[in-house]
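Order of writing sets the labels: A, B, C and D. Residues in every chain begin at 1.
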Amino acid sequence: MRNRSVSSQEDSGFGKSLTESARLVNTDGSFNVHRIGASWSALSVYQWLLTIDWLLFVAIIIAYYIASNLLFAQIYYWIGVQHLKGIEVSESAWDNFWHCFFFSIQTYTTIGYGAISPNNWSTNVLVAVEALVGVLTGALITGLLFGRFSRPSIRLGYSENILIAPTKDSFSGLMCRIVNLRSNRLVEVEAQMMFSYIDPNEVQQTGKRIFVNLPLQVTKLQYFPLSWTLHHVITEESPLWGLAEEDFANIKAEFMIMLKAFDDTFMQTLYTNTSYTWEQLVVGAKFVPMFYPDASTQQIVLDYQLLSRWERADLVAVS
Amino acid sequence: MRNRSVSSQEDSGFGKSLTESARLVNTDGSFNVHRIGASWSALSVYQWLLTIDWLLFVAIIIAYYIASNLLFAQIYYWIGVQHLKGIEVSESAWDNFWHCFFFSIQTYTTIGYGAISPNNWSTNVLVAVEALVGVLTGALITGLLFGRFSRPSIRLGYSENILIAPTKDSFSGLMCRIVNLRSNRLVEVEAQMMFSYIDPNEVQQTGKRIFVNLPLQVTKLQYFPLSWTLHHVITEESPLWGLAEEDFANIKAEFMIMLKAFDDTFMQTLYTNTSYTWEQLVVGAKFVPMFYPDASTQQIVLDYQLLSRWERADLVAVS
Amino acid sequence: MRNRSVSSQEDSGFGKSLTESARLVNTDGSFNVHRIGASWSALSVYQWLLTIDWLLFVAIIIAYYIASNLLFAQIYYWIGVQHLKGIEVSESAWDNFWHCFFFSIQTYTTIGYGAISPNNWSTNVLVAVEALVGVLTGALITGLLFGRFSRPSIRLGYSENILIAPTKDSFSGLMCRIVNLRSNRLVEVEAQMMFSYIDPNEVQQTGKRIFVNLPLQVTKLQYFPLSWTLHHVITEESPLWGLAEEDFANIKAEFMIMLKAFDDTFMQTLYTNTSYTWEQLVVGAKFVPMFYPDASTQQIVLDYQLLSRWERADLVAVS
Amino acid sequence: MRNRSVSSQEDSGFGKSLTESARLVNTDGSFNVHRIGASWSALSVYQWLLTIDWLLFVAIIIAYYIASNLLFAQIYYWIGVQHLKGIEVSESAWDNFWHCFFFSIQTYTTIGYGAISPNNWSTNVLVAVEALVGVLTGALITGLLFGRFSRPSIRLGYSENILIAPTKDSFSGLMCRIVNLRSNRLVEVEAQMMFSYIDPNEVQQTGKRIFVNLPLQVTKLQYFPLSWTLHHVITEESPLWGLAEEDFANIKAEFMIMLKAFDDTFMQTLYTNTSYTWEQLVVGAKFVPMFYPDASTQQIVLDYQLLSRWERADLVAVS
């Protein structure tokens, strides 16, 4: 992930003649692409279960647990409640069904109190089936829980805006700020920024999207204990040189950020990306520092609340 | 995985004097090699269970479950059904056996209703053995299910054919198209193409296979949101220069594709490969585009059904 | 991790104007940073449970087990002990409660002796809930235990002190010693040393911290079977050149060590770091060798007790 | 892992003044080092359980299962067999103990038939403890089984001998042969060979071991479907140039092989190494080919039995 421009050997991967004006990369880093004709598999259901919200995940497990026990209860009920020893056969179908349901629960979870037990061939066979399903379900839930927790992930906080701020030597710079939201340690953090826009000469016609890398002042951190302000200096060589605030909207500018880091808790290389569109760009502003030394504790204090905080800063006029 | 030719320091790994005309790499990427004298281990059985089809996998688990319970049932039966308290000893051996079987199920899965329970030393010992087997089996199934789901894998779709299409500047190009069949995101995708053929000068005699890399126009994508058409331009330097359609069959041409990508769901580098033989080559055809912007949703639409779709396109004559 | 100085493209990741005099990196390699405003998630609890001490981990599991069973027992007790068949209702509320508790244990762990069993709708429903909680807990504990054990980790021993020792050619060298405390094999071990100090010209005012790499004589080992003495030769180019013993305290010197290694048991790249401050620096000392050949067993003996052992060694005067 | 000689920046990791004549690396790739003063941890026990033989592993599980149940049985017995409802108290202490043991089994594995059940406070508490131990043990066994199976590993077969064979251009070459013993696919296989010997000028005195890389003709394979003969050409630049057969014993020659490969089943980089000493060197021999095309099946046949097979081949005289 060197700071090269997109060379002839490399490509952004987005088509060269995309004319739509929607963003290419969503804020959460996903691609703004709609896939049709794709198939699904057991694996894709599993991976979906890995990524959904915890609340939904627990709700699905509970629903599955109730549904499968209702199903088995129904079959026991069909076979006949008199074949489950220990159930006092009631005149109420409702009562009989619920006895079947609770017997099913006791079998599925392999509790097996024995106050109710199967006493003919078909209930015994159904018990054998249900117990296997119960064991497989337990195995699946174990795998899913472990999978959800052990899935390598990176949670970076990005400033809400991307700023154009004055820098020394009367240049201005494009800046956004990131911070590690986890308490794990990231080392060897590398960043890359890509600028995508519609060719201003063709904006009126069927505009062609152009992709170009924006070199960063610092592209790699050895440690990442604090925050990091990604900084592209807008020199004469920069594709941003000479662009006025309103130009960014005209050319439907999008800034794509890619980050790679080594997580030394799980000893894995992690990758993440995000994107800013022209609506998130603020021209003439700089970030308020988000860390400071604390004399009393002799520690550095890092305040996450300040991540997106900026203040006005007039740009030096660039011709 | 740079785009170099196979240098003196590197080698394709296939022998230098293979005379057979069969393909070297199968369509699924496996090697067309028959191994004799190899041994197997517990690990190879496990890995086989990881890779087989889901239907077969579930069938094996069910078969194993029934078989091991039949085995334990048989031993209980040998010990004597009268040593299992709660079974009404029947005159029918069949009935007695099935009681043993269902007791075995209740023990193996650790349900233990208790309507039947062991009441002498040998049945108790057998219960101790069976319960341990049951626990180990549950552990194994948990591991297998998790292993099957968490196994890193890449599912790329390859176009059925590899085409020789006209390109600009009156050159033609060798092209095949790939797409990510999963919904996970792939980044830093690198491709390499290798061309293998039997030396035309020696085709009549014991032909020697030659391996040479085909440089691609683009060898690396930063993102892989859409499809990617691998493209080797057939310039004068290309080993394909001047080959007529019928030549490819004569020299038993095979095109081997290798791909490497970083999956940012599981944060892993994935690798896959495939191969096209001369029978899959179509000369004078180009791919129909498989993605287009959708003005209504402001998204890009990617249609998997079009992956292998091509249309005729006359080549510019090359001398 | 080449031996370069921190170039314009790279950065240590620590702020450039930190004035506090506390250490930046603690001995265990963690950053001396206090984070405020950060949120926590299910994942962060899980990761905390992965990293805590075994004793605390087991204590938490036991506490959780008792607490959740007390909770369920309390609900059974509220529903009424007469709805649990098999409990002889006592006049002592205490006795009744403990019967509920033990019934809860039998349900939670899915033992289900059946001497006590639920016999109305509400106890049966509670059993269904408790059994699911029990299964989920079992799944979580399985995941946590596996997670704790399979978490990739590196345990290097560092010498307690960092020494300045005489070396040949009348130069002196900065040295610290490391050893692999695990029995796993590490290969391709790479080391890097960074020197951080407060600019001596500004020590009186608001001192600015400076970070500079110290080139090592050997930066990479192919194997790591024995100990390794990291060695920076203090030549005229070294930032340590000409510094007297008392200077290190004045400039609040800190030496940060980063190590990367490939563990060939788990086939993973591991990363670790530590830091020495001026208080741990000993000028005019060298390490006592910690390995020697054993003629009787024809093996090399590596004695971990000698890791931090040094002896006095006068430095050659450097101007 | 380029083919460089051990530069000033790199080191073999073995001490520079080892005088013992024993081998440095054992045939299985482990280091011939004896560590004293090292401590062990829960993790090291776990990792030991991952690497031991399957037979020993199963034996340990069975022993642990019996031992812990004997322990719990003993405590139940101390509490008093009359506190386990359902046991007919016998006059034989032996009978009473075994009833406790079998009750313990039913509790530990959470079967809980209920024919025997706890009926006072202390047995109930013990049941609560034992059930938790049982659940934790199940979790541990699940983790261990999965850990054993999912541990990344490479199983290469090495030829028993390393040969010096005649090659074309009247040079001779040092050769050993490797093959993948697994059915998984290895790609991007890289090899490195290191030569270690005692300086011939100092063999009489306290000899110093020298380490030097031996450049290989091919250092990297793209695929590894067949066997690979590592080949160092003994040119005038080679440290082996001019060495006679008996010299290798005098200088206690050792050839260390390091291999790195990417396993595309588990998508992991694997590493392995081995070592040959002068006793395994055969001068004037070449390997018999171990693969050949099979005309009938149109496949390449790879015969593992031939891995170490060599035949005599006179060397061309080298001055």
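Quick note on the criterion: contacts are C-beta pairs under 8 Å (C-beta built on N, C-alpha and C of every residue); 3 or more make two chains touch, one makes a residue touch a chain.
From a predicted model like this one, the values you see are computed outputs, not experimental measurements.
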| item | value |
| --- | --- |
| Chain of greatest Cα-centre distance to chain A | D |
| Classification of the chain A:chain C interface as same or different, half of numbers criterion | different |
| Which of B-D and B-C has more C-beta contact pairs | B-D |
| Whole-Å separation of chain centres (CA-atom averages), chain B against chain D | 27 |
| Euclidean distance of C-alpha centroids - chain B vs chain C, Å | 38 |
| Interface hub residues of chain C, defined as touching at least two other chains | 106, 110-114, 138, 142, 146, 153 |
| Pairwise touch network: line, ring, star, complete, or other | complete |
| Sites on chain B touched by chain D in the complex | 1, 6, 8-15, 18-22, 24-25, 29-39, 42-44, 46-47, 51, 85, 106-107, 110-114, 116-119, 121, 124, 127-128, 131-132, 134-136, 138-140, 142-143, 146-147, 151-153, 194, 258, 268-273 |
| Touching residues on chain B, where the partner in the complex is chain A | 3, 54, 61-62, 65, 69, 98, 102, 105-106, 109-115, 138, 141-142, 145-146, 149-150, 153, 181-185, 187, 189, 217-226, 228, 262, 264-267, 291, 293-295, 297-305 |
| Chain A - residues contacting chain D, complex | 110-114, 142 |
